[in-house]
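You will see two complexes here that share chain A, one where it goes with chain B and one where it goes with chain C.
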Partner chain A sequence: MRTETRRLVEAVIERGLFLCAATSVLVTAGIIGVLLFEALLFFQDVSVLDFFTDTEWTPLFAQKRFGILPLLTGTLLVSAIAMVVALPAGLLSAIYLSEYAPSGLRRVVKPLLEVLAGVPTVVYGYFALLFVTPLLQDIVPGLAGYNALSPGIVMGIMILPLVSSLSEDALHAVPNGLREGAYALGATRMQAALRVVVPAAFSGISASFILASSRAIGETMIVAIASGLEPRLTLDPRVPIETMTAFIVQVAQGDAATGTVEYRTIFAVGMLLFLITFLLNMASDWLRRRFREQYA
Partner chain B sequence: MRPRPPTTPRLRQWGDRLLQVMALLVLALALASLATLLYDVLADGLGRLSWQFMTSGPSSRAERAGIYPGLFGSLWVMAVAAAIAVPLGVGSAVYLEEYGGTGRWAHLIEINIANLAGVPSVVYGLLGLGLFVRALQLGSSVLAGGATLALLALPVVILSTREALRTVPLSIREASYALGATKWQTTWHQVLPGALPGVLTGLILALSRAVGETAPLIVVGALTYITFAPDGLDSPFTVLPIQIYNWVSRPEAPFAENAAAGIIVLLLLLLTMNATAIVVRDRLQKRRA
Partner chain C sequence: MPETTVKLALRTVGGMMNLRASLCTTLLALASMSAACGGDSAGRAEIITIDGSSTVYPVTEAVAEAFQAAYSGMRVTVGESGTGAGMQKFCRSETVISNASRPISATEAQACRAAGITYLELPVAYDGLSVIVHPDNTWVTSITVAELRRIWEESAQGTIVRWNQVRPDWPDRELHLFGPGTASGTFDYFTEAINGKAKSSRGDYTASESDNVLVQGVATDPNSLGYFGLAYYEHNQDRLKLVPVDDEDPTNGDGPITPSVETVRNGTYRPLSRPLFIYVNLAAMDRSEVQQFVEFYLNSPAQLLQDVGYVPLAEAEQTLTRARMAARTPGTMFEGATHTTSLEALLRGDR
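Up next is the complex of A and B:
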């Protein structure tokens, strides 16, 4: 091939590859565009004030009320339960795997934890509804067949590997000099881990916590199956509730016609969901960057 | 290697012991719940697995229902997702890793991909509904569903491909340039083959995650009651996880058995994919060594 043609081919290929990479920006633009377009139409019918202050969410009933609060509290309740399970357990196993575990055990445990993270969420939903809920009903008095507790716990188990592996990465990045210094001052392994290594990795660990909560808020199928699809403004984990994600699935399953307010609600709810998870992801990313700079 | 603390008096070791015992307890509990989940599903569903279950469509009578349309729907959608996500994802990764460098665009794209990886899957469903189903008028077809999953898998494909490209030593590129090869010749003939095991593993893992997705395809409008396998890109479809969800949502016990049997099929599909990934990686690495 002549040099001229060669050069042309190279330039064309580079352009093509750039276009591939640029599609990811288009995807983001597409998400924001679609959500914004339908959500703006939604807010022509429903006032923003009602949306955020009304305490009833009944868009599928004859008497329509559009208060997001029940969905929001439902989402936060389930996510909080998941965090109560995943954060301490994840951090503890991260400390163990990073500071104590013999490398043989770590090689066995880490892939097994990854399996836990790879199980499809619809399977976890099945597990929550048909195994964990009946089990909990023997222990927790007044627990309904659909509730926030059981999906919350199962979601915590699902998210644990994420917290554990990201926190372990953060602990791992703490230079050994800090551990040696602590030992030189007479610290035990636990004192070095809890008082020196964990505080040193604090921003990395909090980044993993925030990412985990974002994942919990966006999780859909576990709650769609096991939490009951009944929007309710409550913090009682024993009764049926509905999350933002489960509502989107519920409406999409039905046959809300395009252009109706019911149809547009899912985009308004999706917009809010996107905003919340986006902010959390950004915060997590910022913390992780700061952490990396500390020990770079 | 971690530094070791000097030997401490026995009395001061109780904290270490306690922490280790608690951590092992947590890990044991997590793995036990995984084992319980698998046992529960197998116990409920194994009896329902049969040739009839694999070859039938949905039915209002649980013992006549089967997974056939869902299984083939999943395979179709996965093929479409792969056809879109693989060239786009690998192309993006090559651009960012080999060409992009440090420009402002590259930086923007990078941040953007990191963000996309954190967008909840149900939101991708809304994108698919608004963009593919409505705006592009594809309807709730295999093509719309596959394209939605492709976008969902894209960030994972890009991130894993970049990681694989990074494992190819710089010296290989330099040697290629020294022989007069252009950038693309170097990338195509040296770097990509060198990174292939890692790239393929990442692709299969990204696709296996996409196959397990339920929510985005429900939002895109995949049907739950469909008696035939898709016969083209414009065909309506259902997928395994949606069929499972549909059965779980029914109150009658026999349908729960169907759901469990469906889960076994889904997990076997994922297991096959992951095993393929491992075999492919080992084969290619051995050939290279």
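Up next is the complex of A and C:
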């Protein structure tokens, strides 16, 4: 090929690749733009103060109240339960896989755990509603058919592989020299793992925690199916609640007309959701850079 | 469960309806295209325009779809602007059939008379709602309309949250409510019958357009109370407890009345049951396709009504309704009727 043709082909390929990269950035910008635009219109009708302080959320009904708190606590409650399940279990399995498991076992178990992340969330939703909830009703007194507990636990199972896989990567990346040093000082395997390897991998582990929480907060299907659709300001995990994501689903399935306040609520709620997960992801990124141990 | 799917699709008005409507339009377009290909002139298709009650809409729409499938070239459009708005259009001759979830009012009858429009009044089904609780609920054996109102009215929002606030001798337990969402015709009917104004309701309850969600919610929560179409209770009898309702009006059945096909038909289960009607412009009945459609409607299988959640008319009422159509009896049978007169008596012409 002549040099000029080659240069032309190169340029075309370069532009093509740039376009591909730009598309995802533009789409993201577009989503944020639409969210912002509709949310701003929403806040022309509803005061920001009401939105954050009112304790009732009934925008679809005759007596409209726009207090996001019930939805926010619903979301945080379910996510907190999920984290209580996923963080210890995920971290412990990561420690086991990285520090204890023979490498053959690790090569089998890690991908198996990651399969959990590939289960469609709608399956998890019905698993929570039709299997876990009836099971829990035998143990927990006063547990309603729709509640925060069961979807929280199932969501914890769902994000467990995210925690264990990312944490395991972080633990595994700790150089062997550190472990050997600990053993040389007479540390047991557990002392080496908990006091040397885990602190050394702190930034990666905490980043995985935060990513997992952001995943839990944004999770939609499980809560839409199993947690109920009643915006209730409570921290009781046994009663029906509604999360922000479930509300968005509810409105999207109903008949709120475009351009009405009812319709715009989903953008206001979506904007808040986006802000929360965005801040969490930023925090995760910051932690990873701030506390990264450099091993040359 | 095919009934579930059909009912869900049909009762969920709004977004889904739009989807269905556009689907129908597409199918229609395809149908007329194939008709054109067959040498039949597509432009000849006569349109039967129907509007009115959103409650009757699912029935009429289902009949219309079956009718269009059975007779190619027929076009039926069904709107759902509400009984009142539908009647106004009907009396302005903008529609040939009007769906109504109540008998024509005196003012509407007057408007039709002034416009020189005579009409045929045909009952097509009963709509019944059921109030249900968890099977383990021992304290609720019946409920009055006043108590239902105390639970569901707008001012109950955030304040009536425990069972003993409704009736003092009921236990001090949380009250978890389940009901249809604002897009549902059932919601409109219940709020109108209980709270006195359509769409006036508290908002802090599990509101879902899917009856499955409501059944699941009530069936798994001992503190629950919910309401939905009677047919839906019948599909899930073993998981739910039906609550008899007392309207405290002894003239239409004394004490609490348990809803059933029978009490819905004899008019004692009030106010949560009512007959549904179509009104047909008598002049339009001379158009062969309109007559064909109305006959098709009155002869459609009972299963179709049950699928969309309604109670079919009794055999005798169906026969009388068909006779009424055949005789083209004009006007309403409700003029001068008391609310205790049964539909069958009205159809027979007894007062």
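Quick note on the criterion: the second predicted complex is superposed on the first by the 282 of 296 C-alpha atoms of A that agree within 3 Å, B and C clash if a C-alpha of one lies under 4 Å from a C-alpha of the other, contacts with A are read in each partner's own complex, and residues count from 1 in each chain.
The rule is simple: a residue touches a chain if its C-beta (ideal position, glycine included) is under 8 Å from a C-beta of that chain, and two chains touch if they have at least 3 such contacts.
Note that the structure is predicted; figures quoted are calculated from it, not measured.
Once the two complexes are laid over each other on the shared chain, residue contacts for A:253 go to chain B and to chain C alike. In the superposition on chain A, no contact is made by A:47 with either chain B or chain C. Once the two complexes are overlaid on the shared chain, A:129 sits against chain B and chain C alike. Applying the stated contact rule after C-alpha superposition, one finds that A:56 touches chain C and leaves chain B untouched. Looking at the superposed arrangement, the partner reaching more residues of chain A, out of chain B and chain C, is B.
Once the two complexes are laid over each other on the shared chain, residue contacts for A:35 go to chain B alone; chain C is not touched.
When the shared chain is aligned, chain B comes close enough to touch A:160, but chain C does not. Of the two partner chains placed around the shared chain by superposition, chain C is the only one that A:144 touches, whereas chain B remains out of contact. Annotation: chain A residues 129, 252-253 touch chain B in one complex and chain C in the other. If you check the complex, the residues on chain A that touch chain B are 6, 9-10, 13-14, 16-18, 20-25, 27-28, 30-31, 34-35, 37-38, 89, 92-93, 95-96, 99-100, 109, 112-113, 115-116, 118-127, 129-131, 157, 160-161, 176, 179-180, 183, 187-194, 211, 214-215, 217-221, 224-225, 245, 248-249, 252-253, 258, 266-267, 270, 273-274, 277-278, 280-282, 284-285.
Within the complex, the chain C residues that touch chain A are 12-17, 154, 157-158, 174, 176-177, 181-183, 199-209, 213, 216-221, 223-224. Touching chain A in their complex are the following residues of chain B: 2-6, 8, 12-13, 15-16, 18-20, 22-24, 26-27, 29-31, 33-34, 36-37, 40-41, 44, 87-89, 91-92, 94-96, 99-100, 105-106, 108-109, 111-116, 118-127, 129-131, 134-135, 151, 154-155, 158, 182-184, 208-209, 211-215, 218-219, 221, 224, 241, 244-245, 248-249, 256, 259-260, 263, 266-267, 270, 274. Those residues of chain A that touch chain C in the complex are listed here as 55-65, 129, 133-134, 137, 142, 144-146, 228-232, 239-240, 242, 250, 252-255.
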